[in-house]
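Heads up, there are several structures right after this.
After this come two complexes, each holding chain A, first together with chain B and then together with chain C.
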Partner chain A sequence: MLFSDLGTSVPRSEVLPPESGGRKSKLRRAWLPVLAMAPFFIYTGVGLGVPIVYIIRNAFLTFQGKFTFSNMDLLVHGIYLKGFENSLLLSVITSIIPGILGVFLAYAIVTSNSGVLKRMVATASAVLANFGGINLTFIFIAAFGETTGIITVWLNHIGLNPWSHGFDLYNFYGVAFVYLYFQLPLMVLVITPALGGLRQSWREAAQNMGASNWRYWRHVGIPVLMPSILGGILLLFGSSFAAYATAQTLTEGTVTLAPIQIGDTVSGNAIAGEANVGFAIALGMLIVLSITMVFYGLARRRASKWLR
Partner chain B sequence: MAALIKAAKKEARLNVIALPDNWANYGTIIKDFKAKYHINISDQNPDGSSAQEITAMTDDQGRSNDPDVIDVGTNFAVTAQTAGQLAPYKVQTWNEIPSNLKDPNGYWFDDYGGYVAIGCNTAAVTTCPTSFAQILAAPSSAGYKVGLNNSPLSASAALAGVWAAAIAEGGSLSNIAPGVTYFQNLNKEGYFVPTVAGPSTIQSGATNIVIWWDYLQASEISASIKGWKVTVPSDALFAEYYTQAINKNAPDPAAARLWEEYLYSVTGQNLWLQGEARPAELAYMEAHGTANKTWEAALPAVPKGSTNVPTPAQITAAETTVTSTWPTEVTTGP
Partner chain C sequence: MAQVAESYYFENPEVNPQLPQRRRRRRKKFRLWRLVVLVVALAYFLAPLYAGVKFALQNDLGKFSFWAFTSLPSEQGFSGAFFLSMRLAFFTAAVELILMVPTAIFVHIRVPKLRPIMDFVTILPIVVPPIVLIVGVLGSAPLWLKSSPYLLSIFYVVLAMPFVYRSLDAGLSAIDLKTLVEASRSLGGSWIRTLWSVIMPNLRAALLSATALTLALVFGEYTMANLDGWTTMPVWIAQFQQSDAHVTLAASMALLIGTWLLLSLIVAADRSQSRRSRRKAGTP
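Moving on to the complex of A and B:
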């Protein structure tokens, strides 16, 4: 997937120097790319591979070290199943809504004439997309808290207190609201290059053939963009599914999510000896994320066809 | 004892874990031990949790940074004992530790504890509540915004807070369900703020009442919030102790045992008292006049009544109940 993205259509012989030696240099040339990638493979293998093996192994052990299926069995019952359901629902909501909004926002930025605006949004998106955790929780409490939140106070002055109309920062939808803060910039970041790939010539050709704005989008624009949009939404799904600190500090376990349950069992102060259940939940999350990544890869491969 | 000191000094090192400086005065305790015995103490992961301490003992086995001693929630010590990770040891003052605060075979022993207390920001609230019942029954004009220090599924202090509410509402050490119902009702009335409460949420006004250990309220909240009042609730006397244990595979066994001797000496116990925690041997020290009078007087007053102290088995049972009921009952979402 990564290599096809480089999109080179230049023949190999024009890139490399002409053959000088015999078999020896041919072998060297074949091994050179592998050698160059070796540090990356080692780093990924150790940094990602070892923890994955550790998780898979521990998911099937008891605290005493004996093999068991009971951890995985717990996963599909009761409160841990609820955790997965909530996580999946939250991830779906906070990937589709900011996904669609992000496309419109990115389109507005891409088609604007102000270079300053484009640069500002690019930088801001990159920063805000990674801004999560306890800081974010505190920002939202300070802004939208029930009686002392700054924005709540302002809205109250004009008679529009969101809290008295059913808004609750500390429930499931409150968490989704907070997640939008980093999900929307992430989508803008991801979809902007794809929007840039929409050639002006396609639009002109469509107009020449008498297509209205709507028909252009319906038959040209959206089909071309769709793989990128889907890829972006899947990326947002993964990002939201794995988010931990924000929801944990905001809701203290009253909204049950899979990453929070992992934290409670593996590194908590209350539940003793249940760390292996946490690893089972982690394995479950790995499976979900692997499926997401497969679809993301397929979407990207489709998308890269149009960006050449 | 002299032989122990000699052997410990030879090891010249002690590995502790998850001991924050401002938690029950550990900063001073560590400094004092270092100065007294010239043994270097390295504190791995000072803000770590009990679960992380147990994991470190397992994962670091055989390495020189393997924790020698642990200070964990009692149910964690019992789990480690069952898994055969602990070495038994009875300190010289063993008989001064009450029998319900130690393992009869010496595998673990409680060190310090406190009462669940209601902390109140006198600058933001006109009448500070003195009981759980008062909080729930208060009119909305009282403006109570109650917080716990974390999720009861994640922090034993929060679990204790829910348990104390259970006792106030007619539950017991074997029945924590009324406590979950209490917070469910509190949430419905809009008094419960389900976010991690601490000095920052108090300063921003998001919470003005915090239910937490009395000694942690003293060291972590009173230090930064002026006018913070800590009261032990009149309708729930709930105390819980943390627990010491020695790693069976401790790389510095003599230093580990000397550390325990120090902690359970009059000096060590009084230093915990200075941190506003109640040391395990406090009853004995009060009876024999060795407790520091000034520091003892600084402890929040305990209303009349018998104190509820849970056993490890009760803690595990309570945790199981709360794990399945807290996320589904105390929530205002789907």
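Moving on to the complex of A and C:
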């Protein structure tokens, strides 16, 4: 969705109005782009650069301002390592499962030949994919809460109370269950164009050569789609890994996840002497997300080879 | 366009009777699994929404009532939170547009070489999630700025940038900017006039969706506002949960419906824009 225009930038010829070539206007022509672009680059540079540099610097400083590796050391041991591992695990679960389900759902919609359905799903996906945050927490509590949840009550009526079968909305898997709600539409959104790019003629060519349906998917469909699917899963991974509000409000901070631990250090709940560990976790998250996005960019470039 | 219609005719067995029967039968077989997938998905996505609406339309005794919605405006702290979010949203949208619209137009007209760089720079905020950004912001912002809620707005501008720039970039690519500018300039229009009465009206859809995205982002943002200690709408909703669950749900649903409307507006705007660019592509 977001990278949709990357790599397709068509250079336009410059539109320069004819101007008399005096020294003043030459000077103006040389400096105008610099002046016009300056606000944007300064704003972005300060708005992103200053916080990031501050995070990197403080990840290697004690609270008193001395250079140290102890913050990074905390990050790779004990509770903070656990939080980081949990975050990675949660992101893997909530990217692969909705990633695969999303392909099937998108395929069901793309091949349905119903324009109305396609349009409705496009709108719904765009809305639901942006649907993280606290609202999601509260509607899930209303639906699946332990005693008053409306769906829980229904299921209880037919003797299938999920809570008495090991379901818990407020633990790690509960968070994963809720994340599915915005991850699945996100996958549908990013994979639909790729599915639309599968040409009917490829299928026909495979059939003419005697390929079964299975062989078509095994040797044509899936290999062509693979970069798009992997790209989608990477995007979902990043989106899960960065999420904070839903997990925080749903579990009230009881699940050990890296973003929640950062939040705790900001609100002053960190153990004395470990105040700067938040910067180390933030740096770790920045590194993981940067790597994810680099691979996402590569997957997209590979995907555009066959599709479009 | 003609090609699309042609392939639609030839490849769609429901329209073209000459296609082999085997294909038709396969489509029939597919229909069952498609139905199952769609019904399960529909149930999963509608169930929590239904529960949310139903819960919001109950009073404390569990009876149907609009009470939670009608009492919402008078709940303690609601109006303060609402107007704070409102102020932040307008300030953010104003700064965002003043910063990004001239920049995007300038890049398209004068320095198209910079477009790949712009694509790269504007995607960077994606790598920096709010929870990471706020740690750096709270540490590095000067004290006078930290005491103002507009500190949040300054960084919401950065968070919204990937969406806003992409929407403006798509809008600018869809119109024939070069011809428009040359026509206006050769008719004696000043740059300001060209910008205001020629380019801007053609960018209406893009501007609309950029604004809607920004407003939706500000009204839904919990992480940074909460950790910066400002009670915006989402923060208020989360805090009020301890007082009354029905009112919380009502506020949540109201926020959600508002966001839903805003985002549907974007989809509609996108569609009118793509229709226009398709028309443009059709006429050589």
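Please note the rule applied: the second predicted complex is superposed on the first by the 249 of 308 C-alpha atoms of A that agree within 3 Å, B and C clash if a C-alpha of one lies under 4 Å from a C-alpha of the other, contacts with A are read in each partner's own complex, and residues count from 1 in each chain.
By definition in this document, contacts are C-beta pairs under 8 Å (C-beta built on N, C-alpha and C of every residue); 3 or more make two chains touch, one makes a residue touch a chain.
What you are looking at is a predicted structure, and each value in this text was computed from that prediction instead of being measured.
Once chain A of one complex is fitted onto chain A of the other, the partner contacts of A:Thr249 extend to both chain B and chain C. When the shared chain is aligned, no partner comes close enough to touch A:Gly210: not chain B, not chain C. With both structures placed on the common chain, the touch criterion links A:Gly159 to neither chain B nor chain C.
In the superposition on chain A, A:Phe138 makes contact with both chain B and chain C.
Applying the stated contact rule after C-alpha superposition, one finds that A:Thr111 touches chain C and leaves chain B untouched. Touch criterion met: A:Tyr173 reaches chain B, while chain C stays clear of it. Between chain B and chain C, C contacts the larger number of chain A residues.
Look at A:Leu89: by the touch rule set out above, it reaches chain B but stays clear of chain C.
By the document's definition of touching, both partners, chain B and chain C, reach A:Ser267. Counting contacts as defined above, chain A residues 134, 137-138, 141-142, 248-249, 263, 265-267 meet chain B in one complex and chain C in the other. Looking at the complex, you find that chain A touches chain B at residues 63-64, 78-79, 82-83, 86, 89, 134, 137-138, 141-142, 145-148, 168, 170-174, 248-256, 260-261, 263-273, 275.
On chain A, the positions that touch chain C within their shared complex are 2-6, 9-17, 32-33, 36-37, 39-41, 43-44, 47-48, 50-55, 58, 104-105, 108-109, 111-113, 117, 122-124, 126-128, 130-131, 133-144, 149-151, 180-181, 184-185, 200, 238, 241-245, 248-249, 259, 262-263, 265-267, 278-279, 282, 285-286, 289-290, 293. Across the interface of their complex, chain A is touched by residues 7, 11-12, 14, 30, 33-34, 37-38, 41, 44-45, 47-52, 54-56, 99-100, 102-103, 106-116, 119, 121-140, 154-155, 157-158, 161-163, 166, 169-170, 173, 177-178, 181-182, 185, 216, 220-223, 226-227, 234, 237-238, 241, 245, 248-249, 252-253, 255-256, 259-260, 263-264, 266-267 of chain C. On chain B, the positions that touch chain A within their shared complex are 48-52, 54-55, 73, 75-76, 78-79, 82-83, 143, 145, 148, 150-159, 187, 190, 193-196, 200-201, 204-206, 316, 319, 323-324, 326-328, 330-334.
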